[in-house]
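What follows is a group of structures, each given as structure tokens.
Two complexes come next, and they have one chain in common, chain A, joined by chain B in the first and chain C in the second.
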Partner chain A sequence: MTKTRTPGISRRSTLALMGAGAMSVAAPWVARAQAKTIKIGMPTILSGRVAQLGTSSRNAVMLEVEKVNAAGGLAGRQIEMVIRDSKGQPQEAARVARELVNTDGCELLLDGEASSGSFAVHEVARDLGVLCIHTCSEASSLTADPKQHIPNAFRCVRQGIHDSIVGGSYAASIAKAKGLKKWATCSPDYAYGRDTTGEFTLYLKRFAPDVEVISESWPKLFQPDYTEVVTKILQAKPQALYSCLWGGDLTSYIDQANIYAMFSQMEVFAVNMADYTALTVVKNLPKGIHSGNRYIKTFPTTPENAAWGDAYRAKYNEYPTNWSWQNATAVMFLAEAAKKANSADGKKLAEVLKGLTIKCPFGADGTVTMRGDDHTLVGYAIGWGTTIPQEPYVPEVKAGDWKTIFELEAEWKKSKGYT
Partner chain B sequence: MTELEAGRAERLAPVRSGAALQRYRDVLIALIAFAVLASLPLFTGSKALLDFVIRCSAYGLFATSLNLLVGYTGLTSFGHGMFFGLGAYSFGLIMQKLGVPIPVAFVATLAITAAVAAVIGAICVRLKEIYFAFVTLAFQMLIHSTILSWASFTGGDQGLRGGIPRPAFLGINLANHVHLYIASCALLVLGLLAMRQIAQSPFGYTLRMIRDNAARASFLGIDVWRAKLTVFVLAALFASMGGMVMALFVSGAYPEFAYWTISGEGIFINMLGGVSTFLGPMVGTVLLLLLNDTVTRFTEYHGIVLGVVILFFALGLRKGLLDFVAEWFAQRRDAGEGR
Partner chain C sequence: MDLDALAGCLASSACLVTQTTSGLIIGMLLFLVAVGLTLIFGVLKVVNFSHGAFYMFGAYFAMTAYQLTGSFALAMLAGAAGTAVLGLVFERVFMSRVYGADVLMQLLVCYAFVLIFDDVVRLIWGPEFKAMGMPSAFQVMPLFIAGGVVPPYYLLLIGVALVAAIVLGAGLSRTRIGKVIRAAAHNPGMVSALGINTGLIYGGVFALGGMLAGLAGALAAPVRSLTPGMGFSVLIESFIVTVIGGMGSILGALIGALLLGLIRSFGSLGFPLFTEGLMYLFMVIVLVSKPTGLFGKEAA
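Presenting the complex of A and B:
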């Protein structure tokens, strides 16, 4: 056997070393050349039970960022997204958000966290003073409660209270028309489930005072078996059922309730049904379930919205989710604010964002507004409709009236002691 | 006296007289460690590094306190995270609702933790092994569910919102990042030193005896139940301290802090670092957080990476890292002596 390699440093490794040396000398120059880019950090949930929603948020952001970059970037600066997984844990969300700003040099934050994680990121924004747009948390108190208010945080998300007002008035009109007086509720047993159900029934009774709730069920979050809940509701014999179960819980509930033919025995109002993540997963989607819109490309019925849904589907081979449109809208807001401020500086952007109205495919009238006094999104398309088992799943959606929403929201805020 | 016994006695005598010496050595090491950590901000402007150390303090106190139960007493608690959560929530709620100075809230939180731990411990420590593990887990889930359902008080699943007020006291302003960092380091070092003293005291050796042979300890006149309860409460106090550091870091408290996954992480840290040395859990904490922080930067499939690492430790090393190192040194020393 002949030995071809001589001991010592080979030519190849010498070359590699020289290359590495050249890189380390050149790195600061390369970095300086790229200093014109602006980094936007985004903690979101990319693993675990709701990973699909986090991924769909990332997809939507990247779809919009590509457009903004192609059009010249944020006030002339190309956007570079730094998106990291928080596993849905608030302490991780806080850590990741701090790391994105302190270590990775992100100048803006998009907060793709739900519920407790969003409050953790909110505290980071309060601490670091960086501009932060919440894009996934629907908890009303995040912006309605004045204790939470900070000048550098905004929320570009639908809100629980808005959904309840529109849902309550829609359900009341059906209840009056069909004489539905005996109602049951079935919602997940945690703050979102309890609050949303409470608000829905409050507004339902307000618009239809003779409605009576005769049975309440509170299955655990992520409960695998709903048999006892289904039988309890069937025994109570209500005329209508309200549920704010969502995602996998809602689809397993419907699959299991189908066995008992529940949907032929009562009108069902499931606020979170009209989302492709639920619509496409249910085995036999019953006809005629009433649902609020989450994201559906048939509502608003504009070519812009349909085109956006199709573009998303073409790129990622799946339909967008509720989180998708919210994240996309946040990027649209940033782009428009940067144009107006002619700057990508967080403070200047925050000033312009207050009360800013932009053109948007998801607006009720083609526009959405970042309300100035509580930094939250209003004017987005919101409505209820009924399902059919195949595409387009929810062919007609009855739009909610924003004037009523504003009136009742102001009343609600007062009752909570927020104003 | 046989030759063998004489040899043992010779070895034991300096150990006893050296106990005080060792205490001084521990204090000295603690002082040096604190000085090194506290001077870190002078050399680096990296906020991420300071954040890392703050989180190490929180998890380190928690994991080391768990080792007092697992490693020293043989009580494998699956519910130790409840005290981490309890500390974070008690501290956060006291600061939000009562607005007292931070040291008062700190002491009050420890008092609350001690009371709760005494009640839970009195029920749990009578049980052995798997029964103990599961009843502690049950209590943890009870506390977690209470936090979730008592939404008007705890904020439910959204946690304590609105930030934890951090008024300055004695010139220390915990809203300042560097001050918070130094305070966390001080708590970590003091906590570790206190736990070290517990582990090296006669009480600590009683715990080891209970771990190795509880019946024998009982026959020697030791009140096993009381000793177990005492260490259960002490461990809860240090876990609660860890929870307070975490609450200060995130300026809030969230139900996840009291969920079983936190207890799981504690056990994982102990497996990584090792339970037979005092600093094993601290090494495990640094390892886990380093792994977590680097892996999550590159992939969302961190679960696979962490799983492979734990398999490596469980099947490959068959012990924690520091256990492995300590054993390797002991073998080398023995081999050296044998030569």
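Presenting the complex of A and C:
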């Protein structure tokens, strides 16, 4: 015969609860051991068209957090990640960030938002004074503009201006070697597309002054059909084309341009091509598209980078993205800063993070630095190369020169009135 | 505004051929989606707001069939047949329950299914974008006609859409089933009283509409990236087509779609920053001068 227990709390549970209560009074470290974990909040995009990037950010963070926790945590405190979906909407990103700190008790923030959302999260960090590391926004002004500067926010992301300087210089060297004077551009019609294209052509013309842009196309973001754009570019008969289309838009464009044999009629420079999300999806990837590196496990060509890419793939059964390496680097910075500060306190970590150089698989020379004066990442591997249709997709990447980047970046900041 | 470029193009046969075929391609795919929408409205008097989902499913069905069999023909068949079945089930199980309800209720049901279908795609195929890839038979150099560039795949695409338009037009005007469908659109009560199963007609028309959108999705799959929610932008343009052509008119859908395609292809040369705006401007002009659309009939 089975016994049915009356609902409500049993005598045995009451005794257990009383015992636990007595223990926590008599031995407070037992209770404190629970609070010893440190919660890190992370708003990112887990639904909608760019969900893949948000998911890959979450994956990379969890991969690194596991390592940090296994090694004893952040200054002895185990990390507990609280990751929420912002749906890619700035107002939702700000709301989630505020809730993570105020309601969930997160002591640090990793901001896994695209540019639009990251400015909103930045304002929350300004308001609450919590340490915040931006891990996805490439918009240069986020850290270059002194009006945005706050002592508790850092950016652990590649930067649009760095990419434009390296891209412009690389494209100019090809333009000079092959005599490419007539250029066309085709980029998505929103802030990122307009800014990046403007900066790229600025540096292209600086390094190769006789280049002329003879046709511009601005298809809208997520446009399904590019036929009229492709044919318009073919009519203009340029010698080279620049595009900062990305993701599904870029793969659609390539498929549609391919059947017009566009890639045999001009040199194509697509800054966002060399990312596994696009490389592995395009079925008939043309040979010889010039692209900037996003994340590729063969650049930098170090065993550490290859091992990291393989470890990520082994765990998640897909390749990491550009957002992945940036998020992983942010966790590496936190771990190193906590070691140096011997604390997980946000203010102390911020002090140590300024100017901190760490060993990193994604560094141009095996290290990356969080620059002290504008709180932004420098020294990461950055370069351009040409594609082939199968692995390793971009066999040789020509690395950008950080000395030139620093010089031209300083000039650019001056021209913008930032310094 | 770059009127010189537009004038230069109109004076050159190469440009004229390239841009005209470009317009036909955009227009024909749009026609396949819009004609289903207009057919369903014409017979069932329902604005099928979830119509874009059938375009999306057509593309995903075709991609999966192509991956499994490697046959382009089977991929097209899977896209069309799969969405026809889906359309029939959707109409019989859900839409048939809201025919008598007010427009808001019909709209809500359709919108709910837009979200549900997107999530179903996300669950089955994942949230990331996919590509079907161009079949090797069409990975050939484009044809040069009078100096203009025309990809062979797009010729097939225009041909298939044209055949669909002719079969549909002839089928509705010259066959017995076509007559019954037109009668059901005009007076369903009388058709029912004559012993014809109107439920079957409604289901069949919905399946046909879904099939045409699915075929458009399957034809677009080799050249467009596949994502959950991909049907939405196509739906908006299809609505513009049906408004321009006249709700319920098949000829109107054809003319409307082709005009829109040509506006896009030539507009991108002359008005590169206002190509989208041109489509809406044209719609406004049509609505002001002929509120029922170019081929729409006045309500009795």
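Keep this in mind: the second predicted complex is superposed on the first by the 386 of 419 C-alpha atoms of A that agree within 3 Å, B and C clash if a C-alpha of one lies under 4 Å from a C-alpha of the other, contacts with A are read in each partner's own complex, and residues count from 1 in each chain.
Keep in mind that, in the parts below, contacts are C-beta pairs under 8 Å (C-beta built on N, C-alpha and C of every residue); 3 or more make two chains touch, one makes a residue touch a chain.
Note that the structure is a prediction, hence the values are computed from the model and not measured.
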item	value
Partner chain(s) touched by A:47 [first = chain B, second = chain C, both, neither]	both
Touched partner set for A:224, first chain B, second chain C, both or neither	second
Which superposed partner A:277 touches (first chain B, second chain C, both, neither)	second
Touched partner set for A:317, first chain B, second chain C, both or neither	neither
Chain B versus chain C as contact partner of A:390, first or second or both or neither	neither
Contacts of A:251 with chain B and chain C, given as first, second, both or neither	second
Partner chain in contact with A:123 - chain B first, chain C second, else both or neither	first
Footprint overlap on chain A, comparing chain B with chain C	47, 51
Contact set on chain A toward chain B in their complex	46-47, 51, 84-85, 87, 89-92, 94-96, 98-99, 102-103, 115-116, 119-120, 122-123, 126-127, 139, 141, 145, 147-148, 189-192, 194
Residues on chain C engaged by chain A in the complex (per definition of touch)	5, 9, 15, 18-19, 22-23, 25-26, 29, 127-134, 138-139, 141-142, 149, 151, 153-154, 220, 222-227, 229-230, 233-234, 264-265, 267-269, 272-273, 275-276
Interface residues, chain B side, partner chain A - complex	46-48, 51, 55, 148-149, 151, 155-159, 161-163, 246, 249-252, 254-257, 261, 293, 296-297, 300-303
Interfacial residue positions of chain A with respect to chain C in the complex	47-49, 51-52, 55, 216-218, 220, 222-225, 227-232, 234-235, 247-249, 251-252, 255-256, 258-261, 277, 281-284
